[in-house]
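Read from first to last, the chains carry the letters A, B, C and D; within each, the first residue is number 1.
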Amino acid sequence: MKGKKIFDIFIQILIVISLISFSMETLPNLSPLFTKILNILEFIIVMIFTLEYIVRVITSKNKIKFIFSFFGLIDLIAILPFYLTMNIDLRAVRTFRLFRLFRMFKLLRYSKAIERFKNAFYVAKEELILFFIITIMILFVSSVGIYYFEYQAQPDTFSSVFHSLWWAVATLTTVGYGDIAPITVGGKIFTFIVLMVGLGVVAVPAGLISSALSKVRFDENNNKEEINE
Amino acid sequence: MKGKKIFDIFIQILIVISLISFSMETLPNLSPLFTKILNILEFIIVMIFTLEYIVRVITSKNKIKFIFSFFGLIDLIAILPFYLTMNIDLRAVRTFRLFRLFRMFKLLRYSKAIERFKNAFYVAKEELILFFIITIMILFVSSVGIYYFEYQAQPDTFSSVFHSLWWAVATLTTVGYGDIAPITVGGKIFTFIVLMVGLGVVAVPAGLISSALSKVRFDENNNKEEINE
Amino acid sequence: MKGKKIFDIFIQILIVISLISFSMETLPNLSPLFTKILNILEFIIVMIFTLEYIVRVITSKNKIKFIFSFFGLIDLIAILPFYLTMNIDLRAVRTFRLFRLFRMFKLLRYSKAIERFKNAFYVAKEELILFFIITIMILFVSSVGIYYFEYQAQPDTFSSVFHSLWWAVATLTTVGYGDIAPITVGGKIFTFIVLMVGLGVVAVPAGLISSALSKVRFDENNNKEEINE
Amino acid sequence: MKGKKIFDIFIQILIVISLISFSMETLPNLSPLFTKILNILEFIIVMIFTLEYIVRVITSKNKIKFIFSFFGLIDLIAILPFYLTMNIDLRAVRTFRLFRLFRMFKLLRYSKAIERFKNAFYVAKEELILFFIITIMILFVSSVGIYYFEYQAQPDTFSSVFHSLWWAVATLTTVGYGDIAPITVGGKIFTFIVLMVGLGVVAVPAGLISSALSKVRFDENNNKEEINE
């Protein structure tokens, strides 16, 4: 059992290294030597992941079921792009590289806590969907409103409802990049009203998830006690 | 009953298409062909909504009551502007177009979850109003304070209490566009104090709504259980 | 009793008008006529507030106690500056005008809901103070840290720990004006760590207040039921 | 017992003075006189802290245990740098000065409320770690995504996944400095999706801590009542 645990941690570290190396390849002005090291590293990682995949297929009771399971497919996607792009010229490779990001999902196999998180989402599902719809509606009304207030004054930045939507997203999430902001008195008063109404809505999902998480943990503890009694 | 459901979904899709087409009309540099397509689309949508309205009036038991009900009026406002602006020159049409936004409220007819949201608002009503008043007071005091600190240093951006109010809104909601920020030491210290006090207040409504939502769901579940027993 | 209610609302409206007129006086480029109107308005409001104060003193059972009570002093501060600055030249008046802001507190007399808010603050008092201290500590550590990372690269904006404190306030409250931001790799990584730790702390007070409010309302309802039983 | 309390408050004030003086040394353009005053102040404070440390070692029952305890080590680190850098040239001193920041932790000795805070962290520990990992994953996916959308349009600001990570941190924490923002349509739509998903996750820890704090206080009250009964 201990050997299994060390193997699991080894695979997890490999996944993280693989993701970091993926990110490093995007760095500008990489020296040819460093690129080569990254390529060799990638080759080694893919070899190990391939071995892991083969072992998992062989040792699973229902081979077909494993191959088409979520984690079976993830394991395949994590190595397939490498083999597919081996003999293709370099330009097509670029988009394929994004698939290496799927390796991240291999990490989920090792997290038990993710189960509780999934349950919390399930508990708050209805409200989350409702809030998503309400958020979309508030964003849409905000966009149309600010468009009508600011279009005359800033035809370049608020040039359509879609351009205003970008402002609405940046404002109601309170990110506020500052690349687009109202300058008319009407637009500013409208922004004030939108924020007063919208803030109370956009920030609610976080509250829903955190209270759902408390509920899930509370239920888990109760179940444990019932079993113990 | 199944035909009714398909009809409902059909109307909902039409509403969304209508809102997207409304947004698209605001795009700059539309080709004449695309404008024509949007106009034809608008014509078709209004025809269907008119038909829907007539059917709803005919099939309702109390015709007068339906016409003056919330959804009856929304249905009317969703189509009326089209007929009123048919023979008028183009300039006056612009403001009327905004009424097409009311079609969004037609969507509310289909959402049962909105009921729970309304109940949650009702539960937290008193606190929400209180927090709205306190927020207004904090915004006002912040505006006056920053005006006195920054007016000398930045007479153009903090030129009156009303101009400072824009800063207070952007700061206390943490949007922070960056178009207006204190530069004096006094103004910065004042901002720090305002944020320490204000953040704890401005972000409270979201917490109130999310806890009210939990309460409403809890009560619903209890009621169901009581009925079942 | 009804006359009392109308009088109360009348006073409340006067307070709001007084605060708006106070704000309007700060507007640049006011016409002499408008300034005169504001002055006359201020004169009328002070006269009514003076009358209100005299009536309150006369009708109160314990005159001395009322005069030195919170609302008695607020009522006095709301009118005193006007009489004190009547014969003084205009320059000294400016600072005195700020006292007119105290009229806002006259509004508190009419709010019963503020009581619940006060109770909620009392319930969460200890945690709020603790979080205030922790926030100060996090802000301080962030300032010192970013100063050491960014001082070399941006000696003008991060010129001392106190200048960095302004960055820490703007960042940890997520306002992010953008007038001061890290540019070095070390500074950016440090900002990331600070935000991961700090966000979870700075946003807590709002959660504390909203859960305390729920508790206060819950207790109130229980007390009512106990009395009814 | 009263003398002990006065001594405690005296030490606390000294710590705060020491931290302020530490910050003041970083101010640019300090006069030689002021630098001298700060140096003398630092000398006096270190002397008192040294005395405090010696007294604490002598009066503690288990001397070795105290010296290697958390607070024993903090007390030592608070004074050691001063003695170590006394005879060294000025350049090496700079990094050592940072250790004076550790004096802040001396303050923790006096706070009982910090215990409750620690318990709250313990209650929510698992979720906090989970959310930390999820936050890292969301930040990483956001960085890779925005890199692929914006790299072509802004090769200088989004020049690698690591540069994009800075954008992801500033955006998902809603700080939004504005020094780096998407300009392509794809990048803006991606930002919208990332914010919708991410905001609900990044803001959850604050909710977890505040609800854990409520639970800890609730348990404390229950324990007290049980003891009283």
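One rule holds for everything that comes next: contacts are C-beta pairs under 8 Å (C-beta built on N, C-alpha and C of every residue); 3 or more make two chains touch, one makes a residue touch a chain.
Since we're looking at a predicted model, the values are computed, not measured.
Novice: When B-D is set beside A-B, which has more C-beta pairs in contact?
Specialist: If we tally the contacting C-beta pairs, A-B comes out ahead.
Novice: Could you label the chain C-chain D interface same or different, taking same to mean over half of its residue numbers are used by both chains?
Specialist: Under half shared, hence different.
Novice: Taking each chain's centre as the mean of its CA atoms, how far is chain A from chain B in angstrom?
Specialist: The computed centroid separation for chain A versus chain B comes out at 28 Å.
Novice: Would you kindly tell me how far, in whole Å, the mean C-alpha position of chain D lies from that of chain B?
Specialist: 40
Novice: Show the residues in chain A shared as contacts by 2 or more other chains, in ascending order.
Specialist: Each of 174-178, 202-203, 206-208, 211 in chain A touches at least two other chains.
Novice: List the residues on chain D that touch chain B in their complex, please.
Specialist: 174, 176-178, 207
Novice: Taking the touch rule as given, give the residues of chain A at its contact with chain D in the complex, in rising order.
Specialist: It is residues 19, 22-23, 26-28, 98, 101, 104, 107, 111, 113-114, 116-117, 128, 132, 135, 165-166, 169-170, 173-179, 202-203, 205-211, 213-214, 217 of chain A that touch chain D.
Novice: What residues on chain A touch chain B, complex-wise?
Specialist: Residue positions touching the partner: 126-127, 129-130, 133-134, 137, 140-141, 143-144, 147-148, 151, 155, 159-162, 171, 174-178, 181, 188, 191-192, 195-196, 199-204, 206-208, 211.
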